[in-house]
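To keep things simple, chains are lettered A, B, C and D as they appear, and every chain counts its residues starting from 1.
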Amino acid sequence: MESTTSYANTVIYIIEGLLVAFILINILKARGGKRLFIRRIQGLNYIDDAVGRATEMGKPIAFSPGIGGLSILTLQALSVLTHVVRKAARYGTRVIACVCDAMIYTIADEMCKDAYEAENASEFFNGNDIRFLSDSQFSYASAFVGMLHRERPAAVFLFGHYAAESLILAENGQAVGGIQIAGTPDTTQVPFFLATCDYTIIGDEYYAAGAYLSKEPTLLGSLVGQDYGKIVLIITIIIGIAAATCTALAPGSTAAQWLSTHFLEYFK
Amino acid sequence: MHTLFAPKHGVELWLYIAGSLVIGAGLLLLLCQTPQRLRKPVIAFVTFLGGLYFTLEFLIPHDNYFTHVMPEVVNAEIVVSCFTLFIGIYNLFGVHGRAIRRKQPGWYNSVAFFAAFFLIASAGFIKDMRPDSAATPLFEILFNGFMNSLQSTTFSLIAFYIVSAAYRAFRIRNSESVLMMITAMIIMLGLVPLGSALTSFIPANSFFSFLRLEKLSYFILLLPNMAVQRAIAFGVGVGSMAMGLRIWLSLERGSFFDEEL
Amino acid sequence: MSKFITEHAPAITLWASALCTFAVYSILYKENKFYRFFEHVFLGLATGYSFYLTWSLVMKPRWWDVMVGKGVWAWAFAAVFGSMFYFMYSKKHAWISKLIFGLFMGLSAGGIFREFYEIYFPQLGATMRPLATNEVIAEGPWATTVYVAGVLLFYVILFSVISYFFFSFEQKGKMIKASSSLGRTFLMIGFGAIFGATVMGRMTLFIGRFNFLVNNWAPQVAADWHWFKYVLPILVIAAVAGIILALKKKPVETEEPPTE
Amino acid sequence: MNLKKLQNIDKRILYILLAIVIVTPLFVRPSKHPDAVFDEVQNAFNTIDNMPDDKVAFVSIVWGPGTIAENRPQTEVLMRHLFMKHKKFVVLSWDMPGTKLSYDVGKALEEELGMEYGKDWCHLGYRPAYVAMISRAMGEDFQKQFAEDYNNKPLKEMPLPAKIKSAKDIGIVIDITPSATMGTWLAYFCGPYNVPIVTCPTAVMSAEAYPYLDSGQVSGMLNGVIGASMYETLIGRGNTRTEAAATAWSLSCAHIYIILLIVLGNIGYIAAGKKAKR
């Protein structure tokens, strides 16, 4: 049977090739020791304030890495978790991390243990504070809400992949009076975090958070590469605008025909 | 080769299965013996191979072998990923078992957890084996009566939370919150028949017809909202491409990837 | 026991649903033991159900039946691969679990090239709009102006929002700074639109639960107990009064006045 | 009255009022449908109306009890239209409880309109939600993916599903969904095999669909239950007391209520601000 699937073509090779090249080149450059600039990301700076507030009030911190499974998105959330745990460990403040995936649970547990060790605060580590709640979305949400009301944390961090349950978590976090910081690349959930959280990290910024907090050269380099990638897309769009205008105004001309068969056709 | 992989039956089949398990265990033992310095490269290589499959399937610019074996590969992926089943159950049993053993406050809730778990799981399995037994209605009760209603009621809590969130958040504090508030209000009015009736006095074909709420909300959803979403999507697209690359080529950094092996 | 269940299954289901509905809604008033109990029941059911589902819908038909039933013995290796996940519990050999994680992450990472093409290329294509077309020009200068203004506005929004997400350029230049803060403004409009568009969907969820209580549960109750229709309004009034009284007694501690 | 208090109304009062506002129209059940029909609903109607008669519509049910209030009216009105026009369709559910719910909708309409199961429509039962993988494989070899229908009857024994070999036999995908499955359908089925798609998201997901509608990747959309009530107007049921119409009224009231609350909150906020300045 003949397959009707579509496959790569020249334009794909060029555009995806450029993206790949820019990202890899900048990663290599950064690893080679080139100093790179990253703009300030609002919200991430307040993480430390929130940890401080919880310490002052003598209350715990709650952390949710979202409802995603083992993916980059969730691993990114875990790197924020490590950051929070290390800060909290210095003051002996509890961090209650509630996880929605069994594999993520084991990784999170391991990472928190390491974070306490790195701060020489192993005696504060409590295995019961890293919890696997449920891998079902709303069961997780209901258990997280129960936890919020019982533990009454002073700071709530919501990082990772979220769907409809975002508002259930955040509105209850607000009700128990915690300072809340959220971050997610899921555009549909951002408005609800904006409405209920004190600080929200939006869209693409979420992917930059790891680089911003860790200052790891590979991640910084990749971030710079992504900026170039966006420029590639902008240029593609501008060429496209010109081509589309040309074909719309003078459909019969040779230029228009060439552009539509050799360029516009590939973006259908 | 062909006869080796042909379907086997009876005792022969079980011998083959046992044989594969023994070979598999041997391979795992071999992996256990892998010297430390080789471990990261081995993981990187396997990750690369995994990624290479889908990459080649797409980048070879014509009908190719990889496309044809796709259903089998996908099937294997699903099956193997299902083996993680017990990890979550193991964790939960640990937590709630401890709560009961130590008679922690609210330990009876943990009893309810175990009861619910075993009831629904065993009802499910028994109902599949004997559909005419009492397990079938019991499963219906647990599933439709309890689980579904808990799930959909929890979901529907959002209806209430969205009201309190809107009420609290949409204050004329700064230009940003005002913009968000006004846009949300226009969309809310424009999307429902009663809201759009507010401006139905404006003739549909007049110059000012764009001020009708349904037109206005349609315009916002179609133009600014679409442009914004597309802009975010392009950023996220490039970001996920970068992540995919970093993972595929084992360039990713961060706690999970840097741990000592 | 089994006879009782078989005979009364629909009624039990109905009452259980109603009970669960009330238990979950009770959190809107305040966290309580009733809610806590059902929270754990939910947890147990969700876990048990996914356990059952994974076996009977995926593992059995796609693996066990093929291997044992059809005799495709090579599927036994799936168990070997699957067991690799469990090495995460061993301190010494945890790396083997990372091997299989790596394979899976590689598989999902490899799909990125197709994903980027299938999802984002048509989006790029749709973004390439002509600044003017012959049809619009033929309609007259006013139509042309409106059309061009619309397209330009679209590009202003698109590019300014993209520029907001530039991380590596120091936003010092006036141009970039202005564009990026404009981008943030448009982002807020976009998020407001999403918020407004979402409200409706969430309300229907509550409507769904309400329909259940009124169309399924209440008629059953009314049929069982004829006096219920007289009691129900009293119960509702009592609940409302109770809440109002409770509110009067003690000012609620949440809801700090908004901070600037 | 102290206007300042308006910025701190207790949540529980808001909640009770919301319940009252939503519930009232559901009891009254007005029959009036919206007058205006949005373009994307009209386009959805046209796309389904123009599907070639020798092809089969593929109705994908992703919803379950959680979003029944929105997705069931959509399913009902679309199936009704397909039956009325004698277009054949198959249904597949990705949600366990949604399987029976969608089967019941089809069965009720089948009886009402005098159709025949297996010839005019067919329910393929339930698949766990691996939409990407199954939709892709289904385009290559339909019969390999689906052997039996909802009642465990082999597909080969029924005239309608037996003739579906691959993506070429599918004229349209109708995705009725509360989650982000549209992108998956586009990437793994509708894009590669060039099949039009009509999406019926819950109102929540609809905002995400507009870019795809504009680019033509998605042919039409029924935006939540409002879309369903507009579609009812299109197929000539504009004056019937339907679930969709009652729900549309409820939603109208809820929206107005929220807007009033926002206004009240701001009055309180301004009042408090003035006082503070003094």
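Rule of thumb we're sticking to: a contact is a pair of C-beta atoms (placed from the backbone, for glycine too) under 8 Å apart; a residue touches a chain by one contact, two chains touch by 3 or more.
Values in this document were obtained by computation on a predicted structure and should not be read as measured data.
If you take subunit C and subunit D together, the chains in touch with both are A, B. Of all chains, the one whose mean C-alpha position sits at the greatest distance from that of subunit A is D.
Geometrically, the chain at the heart of the complex, using CA-atom means, is C. Note: centroid distance subunit A to subunit C, computed from Cα atoms, is 17 Å. The mean-CA centres of subunit B and subunit C are about 10 angstrom from one another, to the nearest whole unit. Subunit A and subunit D, compared by their mean Cα positions, are separated by 30 Å. In subunit A, the residues that touch at least two other chains are 3, 5-6, 8, 16, 19, 72, 103, 106, 134-136, 138-139, 142, 164, 174-175, 187-188, 191-192, 194-195, 203-204, 223, 226, 230, 233.
Of all residues in subunit B, those that touch two or more other chains are 58-59, 75, 77-78, 84, 87-89, 92, 143-144, 148-152, 154-160, 162, 164, 166, 168, 170-171, 180-181, 184-185, 188, 191-192, 221, 225-226, 229-230, 232-235, 240-241, 243, 245, 247.
Looking at subunit D, residues 7, 11, 15, 18, 22, 65-68, 140-141, 191-192, 203-205, 207-208, 211, 214, 226, 251, 255, 258, 269 sit in touch with two or more other chains.
Chain contact topology: the protein chains form a complete graph, every chain touching every other one.
By the touch rule above, subunit A contacts subunit B in their complex via residues 2-3, 5, 7-9, 13, 16, 19-20, 23-24, 27, 72, 75-76, 78-79, 82, 101-103, 105-107, 110-111, 114, 128, 131-132, 134-136, 138-139, 141-142, 164, 167-168, 170-171, 174, 185, 187, 191-192, 194-196, 203-204, 207, 210, 214, 216, 218-219, 222-223, 225-226, 229-230, 233. Across the complex, subunit C meets subunit D through its residues 28-29, 53, 57-58, 114-115, 118-119, 122-123, 125-126, 193-194, 197-208, 210-211, 214, 240, 243, 247, 252, 254-255, 257-258.
On the subunit D side of its complex with subunit A, the touching residues are 11, 139-141, 166-168, 179, 191-194, 204-205, 207-208.
Against subunit C, the residues of subunit D that register as touching in their complex are 7-8, 10-13, 15-16, 18-19, 22-23, 26, 65-70, 96, 126, 128, 183, 186-188, 191-192, 202-207, 211, 214-217, 224-226, 247, 250-251, 254-255, 258, 269, 272. Only residues 24, 27, 31, 35-36, 39, 42-43, 45-47, 49-50, 85, 88-89, 101, 104-105, 108, 113, 116-118, 121-122, 124-134, 155, 158-159, 162, 165-171, 187, 191-192, 194-195, 198, 253-254, 256 of subunit C touch subunit A when the two sit together in their complex.
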